[in-house]
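Below, chain A partners chain B and then partners chain C, in two separate complexes.
This part shows the complex of A and B:
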């Protein structure tokens, strides 16, 4: 493989990984806020893709930046959906076993999947591009504008999320609730409000990922499962509950998939990813990196 | 299923179903009924691992699909006949389950779900792409119908009857695994895994059995499906198969095998009834699953009420036997967490009949010591002996069976079991659980659910369980915390009686007015070291102990 080809693959992998990182980041935010896995995270990415397609006519073909202009709108709508999602699929089973949340989010994902199927049909559809235009060529390296836009958008959103959670009062309150809801309530933070906000943020990020992926990779109602699985694996690699780890894990998966697929086939890349995951869980049953918190007896 | 009311319900339902199949169902209705029976078997299996043990296995659809492939390949490639193809269908997934059980079952719940999902995805990829063997995306065609000698179960009523006979078999297997004390053990294991281990319940063995049994029943269902429809395609390994089985279990009822059958009947028939909704039917299906998990935590079976065990009289219970007395010796035990030394070369002995008080400020290592004694954590150095037996670093269930049991700061109980059932779960054969309940002063509450007990009674329940599990040495972690004067006096009287009967008791507490009069000797820990040891009066005056509690005097 030439250096150029390698760089090209790395670039493609990074763009894919950047979109995965948004999904994984949302996955972890819900994980920390709710203490449970959101199995519908993938379907929410898919929903974000279809919402983008549905609202795309508002902008029209004329503008040069259709996706970029749509992004705030899509994220806003998905954020609202996220708040609703929390109240329908999470709060009613909050006090029960973790497994109940698993099942309720599987069910919610099922509803989204079949709703998309009934409304849009099973065939893959292309979402709006972030930027129209072809791209540029640097030497023998061809870079699509789309890919650059995906990476820049993801980077901005990820750092924005990091700053929001780390530096703002609301973000600190959300983290406080994630760490200990009872203690947070005792110092005057309203846990339900913060958890709702966490869901909204997480699902807005999933929606953004849906828009980012929808042009290059298309979107179809049955895509959700794979997105969810990638986020789940990314969070396992990156350390259960760690925001930074989730982003790194997702980037690694994106690069791994693209690289192995280029060397062999997409199929092998997929199988190898699952096999490596299983091997990792055999040798490191509590994840690759240390978990955020350890249960007390 | 053992009480007369459920038996009656089962009988009536079975007869109604048989009458429907024999006299009212047409060809198509029989076909649907067969499908429902096949899924009922998979759901009964799934209930064992998901419902009973609470482990979210995402591989049940995979086991179902592997069963179908094994039966199909057995018939087409190896020329196996009818009973053997079913055996192949049961065997392949069971083997896979047994192979992955050890690494997978020890994972925390979120990694267990992910690992089983990863295995299911791998199986799907293999089935879709190993075209030479599996026929790839097209799958296997022409799996022969079930025939044996002159009997043909190819389709229609004979097939329906065969499948439902297998449902009966699955119900029997499930019943045998969950009836009586076995069921109580499993319930304790699911709701309070730490306590289960600390009471001698061998969780790994139970999880292994249940996981393999769930795979076997999933495989049986898949094998029947292969024969019933004649085709096996990668579709049988898709995620939606798992979701369907999961939905049947959740909607029917987590812990009731009849609920699983009901769920299967309902979910297989629903699409027939809701044909007019077309694409939106599946949306309704998802919404129904969501509604079931929110509004029916016990599923449809919960609507018919919990099958109660008859209340047990506790008054005439015979006096329980006391276990052989053991001396507990802790020799220079140390434990580090990362860079923090939680325990530094701690030694103590506890003789039969003695109450040893263990005091020290928060973070001084008291609970860590109990965790090491009970095997929940492993020491980094030193030895722990129970009598002559070295129990250092042994698993909790081994230590419990050797005669050392503990209680927890936050009681670990199965809330839906009654007091008597909770104790029954760990009582040795031939012993009386009722006697232990009486001994712990809980006979008035024997038939109340553990989840509704006040805190003080929970502490007594933990002690009753430990006694039932055969403990000669008890390690009690702050049993009097949050108790009022009367409750403390009751607890003190109980502990005195137990010590007089020969039990050694290691008693952690912060309440000195409770602990000092009760203890024969007291040890004070500070920052992981023993700083004072002696009679209660001596330790109470010991400057090192006072310093440990109150720090350097600021005055």
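This part shows the complex of A and C:
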């Protein structure tokens, strides 16, 4: 493989990994806020893809508005869906056994899957592009405008999420609730409100990922499981519960998948990725960036 | 531990030391006052108003500060973020309040950027009390602040708690370390198996009587 081919694959992998990072970020935000895995995260990415397809005509060619405006629109709609998701699939069962939350999110995911099937059909559909054009060519390297837009949007959303959670008062309060909801309530924070916001943010990010992935990779109602697995692997590789770990894990997955698929085939790349997951679980279960100690006296 | 037949009043500027053996009901009482335990009977009043129907966040916003046993800081958050999160006010007011608390606990200013999990026990306790004080509460509920701390740290911490009361705050101080509590308290309340068995001003308290009560508690166990 030449250096140029390698760089090309690296760019493609980064674009894919950037979209995966949004899925993994949402996965970790809900994991931290609710203390439970949202098994519907993948279906919510798929839903984001279909919501993009549904709303694209509203601001696309008909109104001559740029496709980039789709992103805030889709994220807003998915954020509302996220808040509803928290109140339907999480709050009613959160005080029961943890398995109840798992089952509830799985059920909600299946509802979304069947709903997408009924509304859009089972065949893969292409999502709207964020931006149209031929792309950039530097020497033998070429990158499409869509890929650039995916990387830029993902970078903006990832850093924006980091700044929001790290620097704003609402973000601090969301983190406090994620770490100890009872203690957060005892200092005047409303845990339910913060958990609802966490779901809204996480699912808005899932929606963004759905939009970013659906143009290049298409979207079909059965894609949820695959997205969910990617998020799970990213978080396991990066470090359970760590936002930065999730992003690093997702970027590594994107690059790994693209590189191995280019050298062998997509199926081999997938198989090796799951093998990598098993190796991580056995030899470094805490991931590349282990979660910080819970307490120290 | 269920707490029964208990009437206890804490006045502004007063420190009431709540003492008793492990399991006497001290923590349960403080948690109930904060709304973290549900009352099956009875009532908790704050500024002569019943707190029934007032949830925990609203109790904190009304002016009840709570520092739990074991500190329970947010391990992945910096001290600065922890303090900011604990006050519902504009940014400038939060900074002003952190500066005021820095004057009360000089150590605070040196650890603002540290993450809570990396702090020593004494540092954690200072942050936990400062967090409870961010909203400038009228009453501070302190649960075992001396637990696990070196005596030298307690010697710095408890005078600061006294200064808080001298500035007008009511303090309900649950402590196992009787001597430490009595050194700063105005009144003492002894709990035994969820029942109040003694309340008396520290100034008039017979230490022999207190010792007898505490020893008899131990023997009954």
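By our rule, the second predicted complex is superposed on the first by the 281 of 297 C-alpha atoms of A that agree within 3 Å, B and C clash if a C-alpha of one lies under 4 Å from a C-alpha of the other, contacts with A are read in each partner's own complex, and residues count from 1 in each chain.
Keep this in mind: contacts are C-beta pairs under 8 Å (C-beta built on N, C-alpha and C of every residue); 3 or more make two chains touch, one makes a residue touch a chain.
Quick caveat: nothing in here was measured; it's all calculated off a predicted structure.
Touch criterion met: A:286 reaches chain B, while chain C stays clear of it. When the two complexes are overlaid on their common chain A, residue A:229 makes contact with chain B while staying clear of chain C. After overlaying the two complexes on the shared chain, residue contacts for A:125 are found with neither chain B nor chain C. In the superposition on chain A, A:183 makes contact with chain C only, while chain B stays out of contact range.
Of the two partner chains placed by superposition, A:94 touches none, neither chain B nor chain C. On chain A, the surface touched by chain B in one complex and the surface touched by chain C in the other have residues 297 in common.
Contact residues of chain A toward chain C in the complex are 166, 169, 172-173, 175-176, 179-180, 182-191, 292-297.
Of all residues in chain A, only 37, 88-89, 92-93, 96-100, 102-104, 106-111, 113-115, 117-118, 225, 229, 232-233, 236, 240, 267, 270-271, 274-275, 277-278, 281-282, 285-287, 297 touch chain B in the complex they form. Taken in their complex, chain B has these residues touching chain A: 50, 54, 56, 103-104, 106-111, 113-115, 117-119, 121-122, 125-126, 129, 194, 239, 243, 246-247, 250, 278-280, 282-283, 285-287, 289-290, 293-294, 297, 367, 371, 376, 408-409. Chain C meets chain A in the complex at residues 34, 36, 55-57, 60-61, 66, 68, 70, 72-77, 81-82, 84-88, 91, 115, 117-119, 121, 124, 131-132, 134-135, 148.
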